[in-house]
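In the two complexes below, subunit A is the common chain; its partner is subunit B in one and subunit C in the other.
Moving on, here comes the complex of A and B:
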């Protein structure tokens, strides 16, 4: 589909250094879910303008859902370098922690670790991670850690395209949705955001986590549901 | 035997570290403390010997609060125990700050045991001369009971005793069916065991310190309320008449 081809051409044309995250992913769990993570960085800068130290790379198919532990994932947004680094650090800390404690870590622990880093270096970093997963004490949980706060929510959205879908998610969210309804809800939200936001597009990544484990899925652009505008 | 026991950094020819064994002797010189885990909580009882009538009631507490949901009963050198309770408190506090939830008791007792063990490795320091019993209650994990001794090992228990009468106390504890008891029933049994193992001849007066943590306290570790303690002591004194007669006046409860 066009978006896909365009992404490939863009990858060839533009250079390296900073990764600009442009596609959307979503993330679901049993009952709670996380909604699309879309980039907060501005759209690609044309090569004619010379910006001192920021180059951009456009990758419309980057997987922004990174694994913190077997049943805990986080969704990245903002500066890709910052977000990926935080995710790597917390992945390491959770590995050590889960072995010391002798059981799978709680989602709250993962979120607190992310929050501690985000808060301590809030002046230097520019990334927002949404942490979500499943643990045996609290079931499915979603935590936001924007700017170093920590808050548990039934669902969360983040990134540049999120502002277009706040109304949709507030209206359409239901408590205790089934897994399939949840996944459909997330995909719908993503599709709406991707069509309206200039910085978003490409493919949608979906991760569903329950007590059996995590299941990753990638939905191509042409398989996403279409709405009024499309 | 000579010269192998001068420092903790020396083994004896038969593979013992004498300094650590001497530290355990220090614990055995102290009065008894017991901890028992039941169906819905943990109860601690300490036989606190009163060395002088001039002491204020309730001074020299031997049960500490480590975190909201964790209690610690000690036997041995009280000063060593106090500084270790600070270590335990710091561990619990750092864990909460880093990971956002209550520290699991197994992990806390392993961390404190690691700290105690470190002092058994070098000649420049002496081992800690105290043992402790940690107890906690959590909605998901239920009641937990762990003991740490001066050698730096920690084990989980359903019931344990430390101090001079630990053998006698262990025998009494083994008679109990603690897995089927609730905290309220157990409090009375703990008081009774302390009264049983208290040696009337060698040690005259003692105060009974009782604390618990469980469903009955909503997961918060606290000293047993005065009325329940008084009732428990009454049950304890009634359960074994004999040689307590005439010494009644010396056995007083602590003020909460």
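Moving on, here comes the complex of A and C:
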């Protein structure tokens, strides 16, 4: 079965100096995900007009935030089968790696493992994972691994619904947001994308990761913020 | 989509927004061939079809110019017959008829915006197959996909002229920043009962966002 979803991942700094941050390790990161409606056909290019496509909703409430390690999550998009398989493989590889080094793995390591799989099998796979987490060396971090590229970014959006919100995130993202502002920003973005993208909808899943751990939250469709024409 | 249009196309970003007392219609200024080569950096996609009615074009440039030329003639003839300035809806309907009756050959969509005495400021979209729709604001062209979220979040009804100009400029700047076939300068036309004001914002004076 094919499926599309999109995920928005943010990195927020709590406004402290770099030295203090390394000491107090107070980075926060949010990963949010929107559940797409899984569809049997490959997702369409976002249309300019609302041309209906024949698709089937297979699952309205699939959780696309996969745990890779205690403080590292990844957001799945693209083919659901491919993405889940990659996440499971990396979960296993990270467990082995963290035992070998004797401490929690770095987010960069997790992202590199995902990237290695994506790059090696790029002809066969069609999945995009955004890896995000917290580690004590770098704090909150976000990595994109599209098509085998590895790039660290302050925030990332992906999946079919992401095209509609590039403008919004460009305009509204600020460096060093607080945790609450960051969560609000992400929820707003998800809500806007869900209202425009035919393949996105349902509920919004949110995972907030900081030095204390990961906190999962689910926001129902009718609790999401509404905008002008809703 | 736009790269499948043969010849010169206006992979583009166009928008029109009503505010309290008028309407602002805006576009970028890039024309490209197949999405690979920028054939013009400064084309004007805002066509004046009558004193207070403008339209802007998205899609194949040749189709758009042919259709607007025919529409301009029909609208001025209609206005002479009626002995009064045409309604914005009439202008949009003329475009719609042309698009609908030639839907197999044409590949262009239009936004018509203007002011008339009967209903004040209005915005109409004529989509690819010939659908006509009236909306408080609308965005179109390939660059518009990137600003759906921004426009939904930031549009408010009954804005002032300055707020509306800021909204339109920001929206165009964001779309031009993400879409490779939109760019150049931002053309904005402010249409009110008093008249028409053309604002051009060169690329380096557009608002900058966090990643620039």
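Please note the rule applied: the second predicted complex is superposed on the first by the 174 of 230 C-alpha atoms of A that agree within 3 Å, B and C clash if a C-alpha of one lies under 4 Å from a C-alpha of the other, contacts with A are read in each partner's own complex, and residues count from 1 in each chain.
Methods note: a contact is a pair of C-beta atoms (placed from the backbone, for glycine too) under 8 Å apart; a residue touches a chain by one contact, two chains touch by 3 or more.
If you're wondering where the values come from, they're calculated on a predicted model, not measured in any experiment.
Steric overlap between subunit B and subunit C is absent once the structures are superposed on subunit A; the two fit side by side. Contacts of A:58 after superposition: neither subunit B nor subunit C is touched. In the superposed pair of complexes, A:116 makes contact with subunit B only, with no contact to subunit C. Number of subunit A residues touched is higher for C, counting subunit B against subunit C.
By the touch criterion defined above, A:167 reaches subunit C but does not reach subunit B. Legend: residue contacts after superposition of the two complexes on their common chain; A:175 is shown touching subunit C, with no touch to subunit B. Judged by the touch definition given at the top, the superposed model places A:193 against subunit C, while subunit B stays out of reach. Within the superposed three-chain model, A:204 lies out of touch with both subunit B and subunit C [touch as defined at top].
Taking all C-alpha atoms of subunit B against all those of subunit C in the superposed arrangement, the shortest distance found is 25 Å.
Taken together, the two structures place no residue of subunit A in contact with subunit B in one case and with subunit C in the other.
Residues 97, 100-102, 105-106, 108-109, 111-113, 115-116, 136-137, 150 of subunit A are the ones touching subunit B in the complex.
Within the complex formed with subunit C, the subunit A residues making contact are 45-46, 48-49, 163-175, 188-189, 192-193, 195-196, 227-229.
Across the complex, subunit B meets subunit A through its residues 97-101, 104, 106-107, 140.
The touching residues of subunit C, when paired with subunit A in their complex, are 1, 109, 127-128, 131, 140-142, 144-157, 170-171, 174-175, 177-178, 209-211.
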